[in-house]
Amino acid sequence: MTDLSVYEKQHFGKPLGFGRQPALLIIDFQVGFAKPDVLGGFNINESIARTTELLRSARATGVPVCHVRFASEAHGEDIGTFAMKVPALKDLAPDSTDAQFVDSVAPIEGEYVSIKRHSSAFFGTNLASWLISRGVDTLFITGCTTSGCVRASTVDASAYSLRPMVVTDCVGDRAQGPHEASLFDMGQKYADLVTMRDAVAHFESRQSTRRAA
Amino acid sequence: MTDLSVYEKQHFGKPLGFGRQPALLIIDFQVGFAKPDVLGGFNINESIARTTELLRSARATGVPVCHVRFASEAHGEDIGTFAMKVPALKDLAPDSTDAQFVDSVAPIEGEYVSIKRHSSAFFGTNLASWLISRGVDTLFITGCTTSGCVRASTVDASAYSLRPMVVTDCVGDRAQGPHEASLFDMGQKYADLVTMRDAVAHFESRQSTRRAA
Amino acid sequence: MTDLSVYEKQHFGKPLGFGRQPALLIIDFQVGFAKPDVLGGFNINESIARTTELLRSARATGVPVCHVRFASEAHGEDIGTFAMKVPALKDLAPDSTDAQFVDSVAPIEGEYVSIKRHSSAFFGTNLASWLISRGVDTLFITGCTTSGCVRASTVDASAYSLRPMVVTDCVGDRAQGPHEASLFDMGQKYADLVTMRDAVAHFESRQSTRRAA
Amino acid sequence: MTDLSVYEKQHFGKPLGFGRQPALLIIDFQVGFAKPDVLGGFNINESIARTTELLRSARATGVPVCHVRFASEAHGEDIGTFAMKVPALKDLAPDSTDAQFVDSVAPIEGEYVSIKRHSSAFFGTNLASWLISRGVDTLFITGCTTSGCVRASTVDASAYSLRPMVVTDCVGDRAQGPHEASLFDMGQKYADLVTMRDAVAHFESRQSTRRAA
């Protein structure tokens, strides 16, 4: 889009670079978002497959991992206007099948786990506190959907002065247009766009450095 | 975009409707955002003109008004990674010309005014408290940019269980693509999309009802 | 204490009065806080008995009810420095007996329920959103401990511009000194101090008014 | 008070110890709080004198410093129920003499400065973001009043998983009873209690270590 040259002229999109202490955040990879006829679609399943690989690398290299999933209680009574706008969210009761983590990226003991009731992984959770307690300054962000909860979490990660790293092939959406438009916006204003390979290489290089020390 | 039919199939984008008590929020209509060579562009100046009219109606009909503007101190030292990503934000010191409200939509006595240091009008401000203190349940959102601070504020307004009403001809962006993509996303997930005329009609009808009572 | 006359001279402690829409908040009445040898003591069990009566009145008169309880996962790994200061909190795993709600004040379908990981019922929860969605402006606060989670929640309720009503015989603490000192502070700065009888009378009078209308 | 032995039996009050990166927070040392006939009293002026010394040490040793002050606009219209409870707060307009920082502890260029509208230095400010951007894990807390804004800020600092260090001779209150009761509570549940000398010694020892490295 030629109208986007204005971002370059106004010096948007400068790189953040990696900081000292990364963490990996996985957002809403739940059964219902893996089904194209429920809340899924487009490239969500591919992004889950790639995140499975990234999660393995994070665990192998000692990078802290945070998992959040969306759920609502009492047929959406606790999520306010969000349930009016997107009625399908009312069906995601905490114990329902569609609200469970997809097996291949499910949490293990010692990882941060939280239910959230809105888009951002930070809103109504203590994720910020958990990241502070581990000295995290760089947050690798994966999950779905790119234009929904991933983006809302990325905006909040920036507001908390973390370095958000959106892992482009580990985030998915139910349609291509919103996916690509949000990647553009996040890369210009809030986050660096990195690939799963970039993230794995960074996790491994940190470990090598620490072993050599 | 044909790939967007998935939103309809999954029942996104249901209407919220107006609630009992509206307020008008005006975001970042500042001198620097009105200049295409600083932080402005595309349709921002048109959206300021229309918001001037909407603001007049809000005042005439007794709808509470909130103004937020972005500023950073000490060359961006207080805004963390946001200043690294968008260095132009460092120049918006609170007293700088570019950080001032555009005259035609500047606050008057008794309206809520706050400086913010990140995208959302709610982050690091007490806007939520102010809205609670006035019993507001419906927030008409205007300002710039559609894909930046307007969207971040809309997502937070939804998370706080308000009814966000994005006034489509009173929000502006520096480029058309991100403007339209964010309007689509907000209308599907978080907010009703209304025009300035819709908002004025609602403000006036409330006043008539109260006068008749 | 004669040194307290300074509060009167400086005009602290003015009454808030009741607003339009009340809700009842019950904080941390959990099995472990009802046991004097775990986290309980002093007047906590009496305050539970009285809150049972207040809860019955709230339900009978249609006042919305919110329940929060404290829990931590992975032996306190998710609650940061709070677990270092008070190691007993590490034992309150979400499924542990001591972390369960006391039966007589346990939630029923349709009431707000949330786990919290810190003192305030607002921190890391979406309680504020839930209260906004119901138009609540007046929050009757019960639970334990007066000098801990009750006080932290009262301070936040004030910050959110709600009218906090601390129900003095429905809040309990593990020792008398801190209980009374916190009641004094809350009554001077943040909240009205009311009794269970005051609260019941208010709930019933609202219902009468609505029936008459 | 003999009833306090319950805290020891339940293992409250364990030490946090210092972390890697300290910061100094100074809360509400404003002209009006230094006047016993406005909002001051008891030991506030002594605590300002001692904080002046601690601030000098922080600056000499490169410890980041944050200043917050309370102000309200439009005769308290923006602070909700807090203004109803404590009407004197309505007079603290941002530009009023009583709302200014006391000279001896006023900020200099490069230090964090924010106005707050409620008790906690974290509520409605971006203080948490600023601390994250500097990797702070240990917060030395000074200011007034001990039972008001100091305590509210300490509770939030703990909730954000920082290590709160309340500097006992650098916090002041308008009356002795509430001052001492809040020091007890904070030391048992949220913070380590340290003296100004402890803090200075820690700041200097960090600098020596870095110089030797």
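Residue numbering begins at 1 within each chain, and the chains themselves are lettered A, B, C and D in the order written.
In the analysis below, contacts are C-beta pairs under 8 Å (C-beta built on N, C-alpha and C of every residue); 3 or more make two chains touch, one makes a residue touch a chain.
Here the structure is a predicted model, which means the values were calculated and not measured.
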Task: For subunit A and subunit C, chains touching each - done: B, D
Open item on the list: Please tell me whether B-C or C-D has the greater number of C-beta pairs in contact.
Closed with: C-D
Task: Mean-CA-position distance for subunit D and subunit C (Å) - done: 25
Task: Between subunit B and subunit D, centroid-to-centroid distance (C-alpha), Å - done: 34
Task: Mean-CA-position distance for subunit C and subunit B (Å) - done: 35
Task: Of all residues in subunit A, the ones touching two or more other chains - done: 79-81, 118, 123-124, 126, 129-130, 132-133, 159-162
- [ ] State the interface residues of subunit C toward subunit D in the complex, per the touch definition above.
- [x] 1, 3-4, 6-7, 9-14, 16, 36-39, 41-42, 79-82, 84-88, 118-120, 123-124, 147-148, 152, 155-156, 158-164, 174-178, 181-182, 184-185, 188-191
Open item on the list: Please output the residues of subunit D touching subunit A within their complex, sorted ascending.
Closed with: 20, 126, 128-133, 135, 137, 159-162
Open item on the list: Taking the touch rule as given, give the residues of subunit C at its contact with subunit A in the complex, in rising order.
Closed with: 73-74, 77-81, 109-110, 112-113, 117-118, 123-126, 129-130, 132-133
